[in-house]
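Chain IDs A, B, C and D follow the sequence of writing; residue 1 opens each chain.
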Amino acid sequence: MLLELKGITKKYGDFTANDHIDFSLNKQEIHAIVGENGAGKTTLMRMLYGMEKPTSGEIVIAGKSKTIDNPNDAIALGIGMVHQHFMLFPPFTIAENVVFHHEPRKSWRYDRKKAAEEVSQLAKKFGMNIDPLQIVGDAPVGIQQRVEILKVLYQGADVIILDEPTAVLTPLEVKDLLASLRELVKMGKSIILITHKLNEVMAVSDRVTVLRDGKVTGTLETRETNPEELSRLMVGRELKNNPLPEKVKGKEVLSIKNVSMTDKDSGKSLLENISFQVQQGEIVGIAGVSGNGQSELIQAITGLASVQNGSVTLNGTELTNQSVKQIREAGLAHIPEDRYLWGAAKEASLVDNMMMTDYVKQEFQKSGVLKLKNIRKYVTDSIKKFNVKTTSIDTSAQFLSGGNLQKLIAAREIQKNTPFLLAAEPTRGVDIGAMEFIHEQLIEKRNNGDAVLLISSELSEILALSDRVLVMYEGKIAGEFERNEASEEKLSILMAGGRNE
Amino acid sequence: AEESSNGGESEASNEEAKTVAVVLTDQIGVNPFFQQISDGATKAAEETGLEVNVIESSDPTEIEQNLQVAVADGYDLILTATFDAVDALTRVAEQNPDQDFAIIDAVVDLPNVKSAEFREYEASFLLGATAGLSTQTNTVGIVLAMDVPLLDKYKVGFEEGVAHVNSEAEILSSYVGSFEDPAKAKEIALQQHANGADFIAAAAAVSDLGVFEAAAEEGFYTSGQDIDRTVNDPEHIVLSQLKNTDVVAYDFVKEYGEGEFTTGTQSFGLAEGGVGVTFVTAESESELSDFIGQETIDEVIAIKDQIISGEVEVQNPLEQE
Amino acid sequence: MNKLKTNATLFIQPILAVIVGLLVGTIAIMLSGESVAVTYQEMWKGAFGNLYFLTNTLERAIPIILAGLGVAFAFRAGFFNLGAEGQLVMGAVTTAIITVSLPFQGLLNMIISIVAGMLIAGLYSFFAGWMEQRFQINLLISTLLLNYIAVLFAGYLVSEPFRDTSSAGGVPQTVMVDQASRLPKLITGMNLHYGFVIAIILAIVIAFIMKRTTFGYEVKMLGQNVFFAQYGGINRKKTMFISLLISGMLAGLAGSVEVLGMHYRFIEGALSNPQFAWTGLMAALLANSNPVGTTIVAIFLAALDTGSLGVERNTDVPNSISGIIQAVLILFISAKFSFEFLKQRKKEGK
Amino acid sequence: MESLFDLSLINSTLRMMAPLLLAGLGGAICSRVGVFNVGLDGLMLMGAFLGIAANAYTNNVWLAILIAIIGTTIFSALYGYMMIDLQANMIVTGIAMNFLSIGMTTFALRTIFDVQGAYYNNEMQGLPVWEIPVIDSIPLVGNLLSGQSPIVYLGIVCTILMYIFFKKSVAGSHFDAVGINPTAAKSQGIKVRRIQYLAVLISGILCALAGAQLSLGQVTMFSENMTAGRGFIALVATMLGQSNPIGVFLSSGLFGFTEAISIRLQGLNVPTNFTLMLPYVITILAMFIFKDKNQLSALKNSAGSSR
């Protein structure tokens, strides 16, 4: 046994994030850790990596008890970690990021040439295709992820911890990553993989440990278990299966005609002649590898960016290049792609976060003065209804786990009862319990006769929820399927730039 | 010193020494004449057996409070100075008509205030005349603190003095833009010297020191303000324009101590000995520089006499249009 | 329970800071060979000793409160307005010039001249915002530089075109404000004037705007996350401009009120030398841009000023000592002292 | 008018920019590690005072500079402690440090030298003027560049050194990393606190030199508050130069140059207050050309600590 955690407990004040956790890792093993948001997965790994100190418990490495006081100690013990939120220096090059703090030098000088060569070789060795001189900030997330892994490899880690590495990746990238994890294991590395996606666990891991509320609820051989059992251990109950009832044809709600957008600085075409409609009572899914114009499409529809050509109509109102406010008033609700960038103000209270766009409504204000009583009641009710776990509605949003914040945002947008909802990556980084809940809400909205546009890089999500599926590739609509025609294979081909029919 | 003023109750005040508060509008260090006033008042108080307490303000907005408190603390005479105190003193003196006040270097026209104003421009005129007669490059300079009309008393007087004796001479006048930047003052002096000035008068408060240094380094001639600065570096600081605030403060406090205090405004110019120039109106410990020469001094003394007699009229620049 | 705990730590920190500040002051006083007890007593008396000192402290706080509120408002919207000094001076000089130029006196004159001062000051800060919005010119640098320009420009105005030529002194100042157009004193014989009432009312109004109005909500959200605000349909440009305008207007009002209530004229340097604007900025930062907090901290900082006068008057402790005590107090108040911190240190130390 | 662009202009520019440059570099190194240093003015003032005080006692200008450096660095350590360990708001701390050093220097002036306002004495030797051998002999350039105080040349050397440090050295890249993303740097085992302290201490050294240039180089005296706000101009130079040593050099040069010009413009028929405004106006105009990006991160940090 390579590494063992014995009875690890971590307390933050009165709150116990990890409660007597036992965990072990064998050589050349992939050990997955799963659990709901806030179960304590990251906390456990941060202790192993020396970024937190356990309140009690023991870390045993190669048979010896060790204290790991800081990341330097962990690195020296051959432990490397790829963090849930990337730890990169965007203005630095890929090579500079990879060799960081272990730079090749000529006396005091930074030997950047050697760094680039070494990184290039290392990448080749592990079959990764990167340009060491590219600026990390300009690189797509998939590449950034690879930089993180290369960094750990460069430091000579034998144990690699990956905290939700696939949350931000496209299906293709996920596939690549999982394959390279297998490769790494073959080359003698051992891996701890944290993820919310049970299919990944099943596909790649040897063993899996399930955490719930800071406690281990089971450690299983992957071969001997199945997703149903894992989800029961995670959530403490069976997951429901949400069927999509027959669609009732309705009026056209959103209509996009020949929309084009080009980048002002480079003149590059971002969207090209996009046309489609969304009707009442249907969920239209847009599949595609991220970076193929989805963000731009979202911005064009919601008024966050202007288009050069074409028209956007919502509920019969022409809204091309109108302000966000006007578009929202015409009936748009919007779950944004990035909950921390667009979707919330981290330091603001839950009340403030919940009231965005609603604060102008008659029930919440009168001639510019807020009706605090109504507001607080509304927020309290919504939080209860959407099962957002928090101590108070006055805590700031940064203290919510990702899944709970996402539920709050979903609550805010779904409860607006608008005829149209744009839901972009509504379950990114969210645990399966919360995912189930958000999916239920989207389906209910559809069943109520509203129109939903779902944009997701998660194919399973698209397939589970959509009445109709569009595929985006390089700023264009590459194909369209009815629910019964769509399949993972067909979509994947189009998403990768292939042709269909 | 504070105990006496606190302890002094009115019943006992007849037996106790009379008290004088010298309330200054700024820190003493900002301007040497605050020190002079303080010294003059203290000297007179010692001679006449008065208690004196000097109160500085950390900035001019605090002067009113300090005056009010001085009244409340029961000082018999409250002496203040400069134009920064005028508004505050006007208000405080109006509110306390039975309290005696005095102000140096500014005028407050109230029945309970004694004021002393100076005609600095008469001295500046003499300084300018001396410079105009002495310059060999036919270029003289003056470095002033800030571009405010107040300093025209120095600037215009100086310029008129130069022109009076030497209509050809070029006059360079520059402002530092601050009362507390000797480094920049030095830079300006160097610049004026580079443009040919061989005599540069300093009229920039503390920043004068920067001009003096420039003179010492580059070997040109300069002059100081308020007190006799020639003693510091007689080779380069060849003149000093004098403003005898100490004499006035001494006089005022002494009069008070001797019970001869009367209110009203007194003007101090060359005739009254309130202002002057070293060597011309007053002896100096230092030797007269060859750059100036006794001949020039004699000529300027003649001008001084003409000014006193009214033969040469030096106008107040602030009243000219 | 939780709230109580945070409230306790909230109070402990300033108290700790005051203790440390006073300790440092004690050392300085002992160095200068004076009685520590007497010095602190005089400090207290100078700030709050009797009605006169108390009202004087409150008067001194007026421009600090208003400038602080201005800074706080911009901070709330996410903008660092380091230009309060320039805005204050622009407000003051405008008010001083307008009030003496109007052909009539009295309340209307007062209102017009104050509004004019506020407007010019508001536009001054708006200008910096416009440069940032339109040309991406860092607000921090531009507002800092605009301070120097405002002070010099105001200096020019009162030494040349609008100088009080009637006074013999040649002091760069405007003529006196007519008796009828001055802000009246709150208590006769005391310096405290109606500017204080205005400042307190505004502190409450601003607190109300920030907490209870849709506009305040928009400002707050803009300050917390620009992208979130945009996503929610808040007009960034408009909100930014209005916030900066209000911020500048408040700083300008600080100057206007000081002119009409205290000096009765604009005197060059009389408003920039006492560092009202910078003190206001510190008040706003120390109070986390909370309007009521800013007001309280501003009064505290003003009390340190006036208290130091008491020390200067009645002891031989040099004035600069009070400056030192003041700075140390501010330093330690700004430090994030808390039980948490002390505990952690202890643990690490062991 | 003929005197506007005379030979001494460059000379004068170099002298006037030197304190701005050194303090500006101090601001830059802080900003590179995510510390927004508003206390430059106070640090400079401290350096200026200690330089003169030590000179008066030791009669050795080099020793005086050394003592100024040591003293100011200790003072900057206190500053760093407040910001880094006690997490005090950077802007408040900076302003309070400025107030503190005005108070302390004024107090010390009174207690040590028993004078107020200014201390000078004729015996005191200031910094010598160095004639640089090679440059001196070049006809025109010699006049322009030679004959400055050693600190002026040191300012230029520091600019180059700092440029090389950030561009070429490993440590420089660590400094940058801390400024860009302290959490990431920490997760890679960099001692973020130590690097931030180091930067603040270095800014203390640079500000001490800037102050010494004022009190021992430009003049040989100390007067209360003699920095006259130069620390804030240095801060502007830091920001305008985007915390890049060369940028700081150019922006402080621009400021020194316009100030030198503004002195020469006083002969014109323009009110002096307008010519005095020139450096500030030109700096604003310069911002239209050079736009700042780097400072934003340091700024956000300081904003963060205020909320």
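Note that in this section a contact is a pair of C-beta atoms (placed from the backbone, for glycine too) under 8 Å apart; a residue touches a chain by one contact, two chains touch by 3 or more.
Just so we're clear, the structure is a prediction, and the values are computed from it rather than from any experiment.
Each chain's centre was taken as the mean of its CA atoms, and the one lying most distant from chain A is B. Each chain gets a centre from the mean of its Cα atoms; for chain A and chain B, those two points are 76 Å apart.
Separation between the centroids of chain B and chain C, computed from CA atoms only, is 35 Å. Mean C-alpha positions place chain A and chain C at a centre distance of 45 Å.
Shown for chain A are the residues that touch two or more other chains, namely 347.
Shared interface positions of chain C, defined as residues touching 2 or more other chains, are 152, 155-156, 159, 319, 322-323.
Shared interface positions of chain B, i.e. residues touching 2 or more other chains, are given as 27, 147, 177. Listed by label, the pairs of touching chains are A-C, A-D, B-C, B-D, C-D.
For chain D in complex with chain B, the touching residues are 3, 6-8, 12, 15-16, 106, 109, 115-118, 120, 122, 214, 218-221, 223-226, 228, 259-260, 263-264, 266-267, 271-273, 276. In the complex of the two chains, the chain A residues touching chain D come out as 49, 51, 70-72, 75, 81, 83, 86-92, 96, 100-101, 103, 105, 108-110, 151, 347. For chain D in complex with chain A, the residues that touch the partner chain are 168-174, 176-177, 180-181, 183-190, 307. For chain C in complex with chain D, the touching residues are 28, 31-32, 75, 78, 80, 131, 135-138, 140-142, 144-146, 148-149, 152-153, 155-156, 159-160, 278, 281-282, 285-286, 288-289, 318-324, 326-328, 330-331, 334-337, 341. Every residue of chain B that touches chain D in the complex is listed here, in rising order: 27-32, 35, 147, 172-175, 177-178, 180-184, 186-188, 190-191, 194-195, 206-207, 209-210, 213, 232-233.
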